[in-house]
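One chain, chain A, appears in both complexes that follow, with chain B as partner in the first and chain C in the second.
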Partner chain A sequence: MPDLTPFLVTGFALGAIYALAGLGIVVLYRATGELNFAFGALAAASAMVTWQAHEWGLHIWLACFVGIVTATLISAAYGALVSAKVAHRTDVIKAVATLGLALIILGLAYWIWGDSPRRLRLPLRALNTELFGVRVTGARVVAIGFCLVAAIGITALLTKTRMGLQMRALADTRDLSALIGIDVERVTLLAWVGSGVLAGVAGILLGTLVRLDPGVLTFMVVPSLAAAILGGLRSLWLTLLGGLAIGMLEAVATPFQTIAPYRSLAPFIVAIAVLMVLPAAAFRSERAS
Partner chain B sequence: MTATHIQDVTQSGGPTQPGFVKRMWRDNAGTIITLGLLITIVPFLPVYWIRVFTSMMAVAAAAQGVAILHERIGHVSLAGIGMMAVGGWIGLRVAHGLGLPFEINLLVAAIGAGAIGALLGLPGIRHKGLIFALVTLMFAAGLHVVVSSVGFPDGGSGFWGRVSGSQERAFMARPAVAQSDHAYFIYTTLIVTLAFGLTYAILKSSAGRAWAMIRAGDAVAKSAGVNMKAARFKAFFLAGALSGIGGCLMAGSIGQLDGRSFDALQSLLLYGLVIVAGPWSLAAALIAAFLYRVFPALLDSWGVDGDIAMIIFGIALIHAIVNAPRGIAGQLQDLSALISSKFGGAAR
Partner chain C sequence: MKIYFATFALIAPIAVVAAMVPTVGLADGHAAPAVCGTGEAATGEPIRIGAIVGQTGPADFSSAAKSAAAVFACVNANGGIDGRPIEYLIEDDAWNPENAANAAAKLVTDQGVVAMAGSTSFVECGTNAGFYKDNGVGVIAGVGVPRECFFSENIAPMNMGPRLSTLGAAIDAYENNGARSFVCMAPNIPNVGGWFCEGLAAWGADKGVTVANVLHDPATLDPTSLVLQAMSSDPDAILVAEPAPAAIPIFNAAEDQDLLDEALWLGPTSIYDTAFPDAVGDYWDGAVRAHIEFNALDSDGEDNQAWLSIMESHGQSGDPLDSFSQAGYLSAKAILGVLRDIDGDITRDAVLAGLKSMTPMQSDLLCGEWAFGEGARHNANQSGRIATVKDGAWEVTRECFRSDDPELADIAQ
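Entry: the complex of A and B
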């Protein structure tokens, strides 16, 4: 039996990014009933813009800021221009509309950057550490830390602030929320902005771990959706645990030669099993239920 | 309930209705003329374009399956291209393993993919909408991992049928009557036309009427005595079988398949294009397949980056959802009605 510790630690960091993306997907779904298929594409936009800005001579942290702002602005633009127009359609049609955004971003990214090999490196060597005797890079430490901070922050936002209360009200009933004076469009926009920020950060962190390719980064949305499914598209903490579990499950399969080629199947098998076992009501957005 | 569905329910058969062929012509004249034009013109194009159009016809079969699930029973399948991979895999495995005629391989691929489609549809009996869409997306993503790792059968032994070492990869034999590229295009188009004809016949049968009831609402269908599970099962089987036909035809065109061509994003793209095309119409499958396969190749040939196609598709998808729910097929139908009324008015 091989020593699985290094794989578990590596998988924990990858899982943290799936979890972070899953949180971004869940928080938007809870507030607006929109499942964002474009989350991975927004992440890709952030990572590619960061790389480009750094190539043009911007300091890496400033480049990261530009990347995150880009993803946030695109996300906000969609929230302002399209989201309201599909607000009264079914959940699935709203999700398919975000697929349109994903195609636009992916097409633009491939048009501008193509699929040449690139790497994104963050100066985080100072944060390199050891966990259970396994060396953990700074980028992975930041991924795990940011994921936890995001989960705590979003939970606090939804439960302790007026904006969170408005988001939950909006999630319950959009029309009634408007009737009691909640600025529905503003709250929707803010949910898209928040989701955009998370996509921007997730994209940069993932960009340091995998090949910097728009398609690869866009595809991140699928395992992240699997993490969100494990959280019933509702629970932030179950999504967090689901993302971490998926990342570790993928990684621990690596040393086993017979199953290693299929390790990326893990999130999909787990997600399908959860979708088959849990009742449909468990996944409804609060508004739909 | 849309006008099309009401028409489906109320105009399916009956003593005062014209014959099946006349009705098929009346409902699908544009599609039939387009297929006729393709068979007439494409064989005279350069080989590259013949292959592109052959691939388009194969994708059209899969697009038809996606459109049926969306429009007839209200289920979103994000595994259209993935199911093509299933059909292609079965077709290749049977061809290399048993050496049967192409038509038998095609039939086995259709039945096999139909059965897997029906299995995939089992969660669709419990879940509708977004949840079922996610099940199919996860299936498509998982399938891509498998076909990328295992690859498609290429004449080897064992269950997976893969050659090893320096052994040469085998190609799937084309049908005896369609060895050349232009003959294979005509063959593919005729098979897809036959599949469309059968689909239309099913839509006008009791199964089609049951689907129209389901689309109108579960309560409506139940009160009309529709066996919901059986009706949905048939729709999933048909959709899977159509994709299977498409996959096997594509395998026959190239001789081998590459797992990298069947990623989940391709299935998402196909679904988006079916929506852009207008899934209520049989023509939608052709339009979606044209956009999916021919349009990027056209852009390439004009010196325009093919990635621009993806940007256009994204804009078109959002436009279709927000402003034009009947899609391109609907707009073409409106244009045709406008021209008819102008000419009709002038004649009077």
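Entry: the complex of A and C
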């Protein structure tokens, strides 16, 4: 039996980014009822713009800011221009619309940047640490920390603030929310802005830790969606745990030769297993309950 | 990865770059390189040559066809083939076997190409090898990657192939550094990654060499685990048999774990990319070695300089200047030699016969001679060089040597 500890350590950080992306998907779903397949593409846009801005001479942190703002603006623009137009369509149509956004961003990113080898490095060496014989880079520490902060912050936003209450009301019943005076478009826009910020941060972290490639980053949405499903598209903390579990499961499969080549199936296996085991009621939206 | 491929195909129109290549002379007024010939711009009946490339998809594999197009443009501007211009038809298979089959049918059946040259695709060889044989079409693949490109009667790749290139990197470490234990990291794609790594095991079987494979899903998002897995067998050398964009995260992860001195870090030609040294950073200066299947991109040889000159004068803005591009130049040069040697009508049969009986081509881009050959399969390019990352660039640190793969036993050197 190989020593799995190093793989658990590396998988934990990767899982934190899955979880962060899952949180971004869940918070938008809870606020607007829209499943955002474009989350990974927004992350890719952020990472690529960050790299480009840094290449053009901007300080790396300023470049990160530009990248996050880019993802946020795209997300906000979609929220304002498209999301509002499809608000009364079925959930499937709304989800497919975000897939369209993802493909547009992906196509543009490849058109602009191609697939040349490049990398994004954040100056976080001071945060490097060692755990169970594995070097944990500063970027991984930040990923884990930001994920926890995001989960706490979003929970507080949704449960303790008036805006959070409005978001939940909006997700439940859009028309009734409008009737009781909630500025539906404003709340929707803010949800897309928040999701865009999370996508921007996740993209930079994933681009640093994994691979600065528009396609790879865009399809990061797959394990993130699995994490969100583990949270029933509702629970932020279960999404967090789901993301971490997927990341660690994927990593610990590495030393087992027979299953290692298939370890990227981990998100699907976990998601399917949970869907089969948990009662359907656990996945009903608040709207239904 | 399949999702990735399939989804990308949705947004990637099946681009058809069918071009009657331009017929203009060298912009600076200098004489064209010898491969272009001499004479007035060709105006006769076009000779159609095709190519299938994986342009849109996970990676752009159109570089070889782009350089071949530049060579043909130069030829057309300088007399063509006895006054007949080359009409070079490039189809994009978008890494999709169905597209590859459609593209071959279009080029061979509808357009009536006399041969293919400069093709580079992950899926084309396996999909179309039988079709080419049935239709008597000779194919000079610019760059062959999967096993099928080297095990087909009518397809002869210009390059050594990733199996021989990966092996070449290992042989260098074995001979010069005493490496005896290797880890081979490669994508787990049928007839690709496993085939590369099996070459090491076959070569090392009687040399006391041990090889551990780390085959992985190309879509994996966790390079650190791959690196930790590679290090778990405490190898003397690690071969990163990946395309350069996929290799970067592995080198980054190794840097994060400070593994530079724990093993030799090697790769095949696929990491020999001009952007690679800058992308991996100073940490790897002097430490990463790549086996290269053609000469250095800045070498002074006649063909390399001709390639650069033609790309300058007849290439398109943004065409890459990489090893694949060199392969495309050589593919064009080889097919041009055959076309010029044909007495009588230039037909598909005449071209295939000419390919099989061609005088072996010599070039400073190659370590040995290259010929299509008569055999049931082809792998004429068997020797390469070693380049090392130094001062933000690649530097050739070992000249030509052969990758002695036991699998080549049925092919003459």
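Basically, the second predicted complex is superposed on the first by the 276 of 289 C-alpha atoms of A that agree within 3 Å, B and C clash if a C-alpha of one lies under 4 Å from a C-alpha of the other, contacts with A are read in each partner's own complex, and residues count from 1 in each chain.
The criterion applied here is as follows: contacts are C-beta pairs under 8 Å (C-beta built on N, C-alpha and C of every residue); 3 or more make two chains touch, one makes a residue touch a chain.
Just so you know, these numbers come straight off a predicted model, no measurement behind them.
A.B. asks: Check chain A with both chain B and chain C modelled on it and let me know: fit or clash.
C.D. replies: The answer is clash.
A.B. asks: State whether A:G57 touches chain B only (first), chain C only (second), both chains, or neither.
C.D. replies: Once the two structures are laid over each other on A, A:G57 reaches no partner at all.
A.B. asks: Just checking: does A:S264 make contact with chain B only, chain C only, both, or neither of them? Give me first, second, both or neither.
C.D. replies: After superposing on A, A:S264 lies in contact with both chain B and chain C.
A.B. asks: In the superposed arrangement, which partner chain does A:D91 touch: chain B (first), chain C (second), both, or neither?
C.D. replies: A:D91: touches chain B, not chain C.
A.B. asks: Of the two partner chains, chain B (first) and chain C (second), which one does A:V82 touch, if any: first, second, both, or neither?
C.D. replies: Touch status of A:V82: first partner only.
A.B. asks: Touch check for A:F219: first (chain B), second (chain C), both, or neither?
C.D. replies: both
A.B. asks: For A:L275, decide between first (touching chain B), second (touching chain C), both and neither.
C.D. replies: The first partner, chain B, only.
A.B. asks: So in the superposed three-chain picture, is A:F37 touching just chain B, just chain C, both, or none of them (first/second/both/neither)?
C.D. replies: Only chain B; A:F37 stays clear of chain C.
A.B. asks: Check whether A:G181 is in contact with chain B, with chain C, with both or with neither, and answer first, second, both or neither.
C.D. replies: Neither partner.
A.B. asks: Quick one: classify A:L103 as touching chain B (first), chain C (second), both or neither.
C.D. replies: both
A.B. asks: In the overlay, one of 130-138, 292-300 or 328-336 from chain B clashes with chain C and the rest don't. Which one?
C.D. replies: Between chain B and chain C, the clashing stretch is 292-300.
A.B. asks: What residues on chain A does chain C touch that chain B touches too?
C.D. replies: Overlap of chain B and chain C footprints on chain A: residues 103-104, 106-107, 215, 219, 222, 261-262, 264.
A.B. asks: Please name which positions on chain A make contact with chain C in the complex.
C.D. replies: Interface residues on the chain A side: 2, 6-7, 10-11, 14, 103-104, 106-107, 114-119, 121, 134-135, 137, 206, 209-213, 215-216, 219-220, 222-223, 247, 250-251, 254-255, 260-264.
A.B. asks: How about chain C: which of its residues touch chain A in the complex?
C.D. replies: Its residues touching chain A are 1, 3-4, 7-8, 10-12, 58-60, 188, 214-217, 219-226, 228-229, 232, 244-249, 252, 256-258, 273, 275-276, 279-281.
A.B. asks: Per the contact definition, I'd like the list of chain A residues that touch chain B in the complex.
C.D. replies: 35, 37, 82, 85-86, 89-93, 95-97, 99-108, 110-111, 215, 218-219, 222, 225-226, 229, 261-262, 264-265, 267-269, 271-272, 275-276, 279-280, 283
A.B. asks: Please name which positions on chain B make contact with chain A in the complex.
C.D. replies: Contacts found on chain B: 76, 123, 126-131, 133-135, 137-139, 141-142, 145-146, 149-150, 263-265, 268-269, 271-272, 275, 305, 307-318, 321-322.
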